[in-house]
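Both of the next two complexes hold chain A, though its partner changes from chain B to chain C.
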Partner chain A sequence: MKQLCKAAGGLYLALLYLFVAGPLLFVIATSFNPATSFPAPFEGLTLSWYTAILARPEFLSGAGVSALVAALASALAVMVAFLAAYALSRPGGAGGRGAMATLLASPLLVPQVVLSLAMLQLASAWGVGTGFWGLVAAHAVYVMPFALRLVLTGLARFDFAVEEACRSLGGGWWATWREVTLPLLRPSLVAGFTFCFILSFVNLPLSLFLTSPSTATLPIVMFAYIESRIDPMIAAVASVIVLVAGLATILLDRYLHVRLVD
Partner chain B sequence: MPELVLSHITRRFSGHTAVDDLSLTVRDGEFVCLLGPSGCGKTTTLRIIAGFERADAGRLTLDGTDITHAPPEKRDIGLVFQSYALFPHKTVAENIGFGLKMRRRPRAEIARAVEEALALVRLDGLGGRYPRALSGGQQQRVALARALAIRPRLLLMDEPLSNLDAQLREEMRVEIRRIQQQLGITAILVTHDQSEALAMADRVAVMAHGRLQQMAEPAAIYEAPATAFVGGFIGQVNTLEGQVEQAGAEGAVLSLPGGTRLAGQGEGLSAGSAARALVKQERLTLSRTEPAGLPNRFPCRVTERTYLGGSIAYRCEAANLSLTALLPNHPLFERFSPGDEGWIGFSAADCAIFPC
Partner chain C sequence: MSGARGLNWFLLLPSLLLLAVLLGLPLAAMLAQSLQPNVLLSFTGPALDNYGYLLSRPYYLQVILRTLRHAALTTLISLPLGYIAAMLLRDLSGRAGNLAIMALTFPILAGPLTVALGWMALLADGGPFLGPLVRAGLIAPPRLLGSETGVIISLIQFVLPFTVLTLYTGLRQIQPQLQEAARSLGASGAARFLHVTLPLSLPSVLSASIIAFSLAASSFISPHYLGGAGQLTLTTLVSQFIMATFNAELAAAAAGLLLVLMLAAVVGITLAIGRFIRP
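The block that comes next holds the complex of A and B.
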């Protein structure tokens, strides 16, 4: 009976993994299929779809824009998240912390397309173009709650007495942050940054109303591409993204002992 | 020259007063223990001295300079935390040298001071380790060394021994006292453990409800408590409530409900008012025969015996009162069993009466 339960549990887990990873594996497999349509039966193995990416400059520039937007938005988000989480976690801080944390997480509740549209309307109401920085701002607003959650978790395990120890030893508040608080929160901050970066990098709906040809992000370029045709090159692009995100996650886990995925 | 002076320090939190008009002086080179139950304001007092809590009223001077509003990093006060609060990402040596690094001392001087501090707390050779690789007792020593390395004007310790096991705690009491004496440093230790306070301090300051109850040498705190709170808080005590029948310089008489009368001593008593007698358990005698010399003596029956190792506690029921006597576990002292009949007694000097 006990063994039967164990077997059933194992089967359940296997199905779960298959359900989660299956589509991904299918996409990766497709990227090596020489057939020109998508989906199609397997005809062999080729790397030609990967070399085809190199021939399309808009994908490379899109990746560049996405990386820059993701880096800037994540840096901004982590900075804001750290300051907010720090204020929310400090002993002897103001009341209403629960309400404040919920308010800060509220961008998660707004559909991303709406956030994108709202940013566009706000910019036009102020009579300024959204441009590159509008894109960065929208991404920062959207990813900040994820960083906030991670930093709050990190701070929950932080002994604020070490800050007092630092101050009693002669460190001012800046020295205390530099020497004690930030180094001890580094895993949360790095994890927050990486998580935000990935979320921003692959995000499509936020960018829908905010990009111009010069600021088209990679997901926008991909979206435009599959509007006209579907071939396995798009699967190759997706596979590269998955590979990079996966590598980042593994490196974090290995060298910083930060878990993005449990 | 007085070193640290607190005058009329008050700290209110929403609704309650944590520290209430506290004035005390810690002399140069003195070791003072702030003792009291949890919530008595002792930790808040320590945090006010360290600069992490502001005083709503009152003044704080160290070495003649007013530090009431000085930020913690400008006070030159060494602090040992209950959780030790070592920097987990820094080595033992970096922890100890941190205060000097903040003071921008030359590297060679820091290295020398770290070596000295390690030797002082007997951790020579462990400078390269990280705190997590040390035992609780060793972490405690690092915390002490780190606080002392800056050559502070004052050393503050917040329940530093409460996370150690019993044997290590006894050892560290002696150790901290030795280091304090060796350096001649002025020190304040906060504790709720009375034996710790009595064993370590030059003077003990007992606090309750944010107020200073008594500040005196350990023997005076134990044997001549100034208030009913101190008398009841320190040691194991029998408490008896009644009415003052007679009060004067030569002694007082307390009448208990049921008519039993106790001879004792007390000040500020007036006949007819309610009062409380406190008798330390080890000052009671328990014998088979009537103890002729003692003014307070009652025939009793032993109802309960608790074996404590070094001593034995007997719970005894006399006519109208129930008392506990703590007798040494020694062949010279008679043993009793529950059900035994005997006499319980104590002198008038050991019966302290306080108005209540």
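The block that comes next holds the complex of A and C.
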């Protein structure tokens, strides 16, 4: 009976994981299929769809824009999230931490399409174009709560007594941060940056109304491509993204030992 | 401790400024725009006519109801599915447990756009699952693409990792000694679940419901790619207003409605589940 329960539980989890990861695995499989329509029965193995990406400069420049936006937005998010998380975690701080943490997580409740529209309409109310910085702003405010969550997790395991030790040895607050606090928190800061970077890099709806041809992010380029036609090349682009996301997942878990739940 | 308190405010200032300038200000501009007249409606603004227009046309009411139905169904289906998974994952230990949790963050990081591509292929009538069945004449073409079922399948898949992770965190915080105590008092497995595990896990059920509902209601990619123009939700309606009919004021009103509905849903869910949470 117990064996049976265990087997049923295992089967349930296997099916759930297949449901959750199946579409991604299928996209990867499709990217190696030489058939020109999508979806199509498998006809063999080819890497030609990957080389076809190289012939389309908009995908490469899109990846470049995405990487730059993601890097700037994540850096800004991690910096402000670190300061906030530090204030919310240090001993002797004020009450109302729960309320403050909830307030700082509020961007999560705003739909990304709405944030994109709001940023567009603020720019038009001011009579300026949204441009590159509007894009960075929308991405930064969206990823900030994720950085906050990861840095708070790191600070929960941080012993503030080591700061006292440093200060009692004559270190100023800046020296204490530079020599003690920041190095000890580096795994959560790097994890926060990595996580935010990926979330921003793959995000379509945040950029929806904010890009121009010169600031089109990779998901926007994919969006435009899919509007006109859909073929295995777009699956190859998606597979590259999945590969990067997979590497980041492993990096977060193995090297930094940080994850979303603990 | 007033110095420490002052320092705290100083440290919180950048994040609060970020929220005010990059979230509060844009939303205020959007709401202001939603009160302005436009090419379809002339009125002396600011007034609520755009909202009235959306709420009085059966077509737009359907869009609103569809958005709420998608979110409600996704929440109701993904919660029990995720709860069972979280309970099973809690019993996994060591390496297997770590791997299982890591595998759940993977689709989140890969992003909904890549996943939607997979669904567009998998749910197509000529796709790998349905194609052979249709060609063999076993089933009529189910036409899942462009249907509500297709959208909801992909929404559940998108939301499930978040639900499972949230419930898993909550379940792990319940002390195993409580189970032991209930067992030693003669409680059966079902009684232990009903009187110990379930009540103690309710706070995480509450957060998982809010997360699932908000993610589903605010999803753009699933309704856009799997529902299409015949299955508009408020998010895809906003993009139509901006990119196809160029009506920024109605777009702002539709976005404002979505925000209000989501806030109302969060309050409603909190009241509904919160009643059962013992302080």
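FYI, the second predicted complex is superposed on the first by the 257 of 262 C-alpha atoms of A that agree within 3 Å, B and C clash if a C-alpha of one lies under 4 Å from a C-alpha of the other, contacts with A are read in each partner's own complex, and residues count from 1 in each chain.
To be clear about the criterion, contacts are C-beta pairs under 8 Å (C-beta built on N, C-alpha and C of every residue); 3 or more make two chains touch, one makes a residue touch a chain.
Since this is a predicted model, take the numbers as computed values, not measurements.
Under the clash rule set out above, the superposition-derived model of chain A with chain B and chain C shows the two partners fitting side by side. In the overlay built on the shared chain, the residue A:Ala248 is in contact with chain C alone; chain B does not reach it. In the superposition on chain A, A:Leu117 makes contact with chain C only, while chain B stays out of contact range.
Applying the stated contact rule after C-alpha superposition, one finds that A:Leu199 touches chain C and leaves chain B untouched. Residue contacts after overlaying the shared chain place A:Leu185 against neither chain B nor chain C.
Of the two partner chains placed by superposition, only chain B is touched by A:Gly171; chain C is not.
With both structures placed on the common chain, the touch criterion links A:Leu152 to neither chain B nor chain C.
By the touch criterion defined above, A:Val221 lies against neither chain B nor chain C after alignment on the C-alpha atoms of chain A.
Counted by residues of chain A touched, the larger count belongs to C, out of chain B and chain C. The gap separating chain B from chain C at its narrowest, counted between C-alpha atoms of the superposed chains, is 7 angstrom.
Across the complex, chain B meets chain A through its residues 50-52, 71-73, 75-79, 81-83, 85-89, 98-99, 102-103, 146-147, 150. The touching residues of chain C, counted against chain A in their complex, run 1, 4-5, 7-9, 11-12, 14-16, 18-19, 22-23, 25-27, 29-30, 32-33, 81, 84-85, 88-89, 91, 98, 100-107, 109-122, 124, 126-128, 131, 154, 157, 160-161, 164-165, 168-169, 172, 214, 217-218, 220-221, 225, 235, 238-239, 242-243, 248, 251-252, 255, 258-259, 262-263, 266. Against chain C, in their complex, chain A makes its touches with residues 9, 12-13, 16-17, 19-27, 30, 38-41, 76, 79-81, 83-84, 86-88, 90, 92-94, 100, 103-104, 106-115, 117-122, 124-125, 137-138, 140-141, 144, 148, 195, 198-199, 202-205, 208-209, 219, 222-223, 226, 230, 234-235, 238-239, 241-242, 245-246, 248-250, 252-253, 259-262.
By the touch criterion given at the top, residues 159, 161-162, 164-172, 175, 179-180, 183-184 of chain A touch chain B in their complex.
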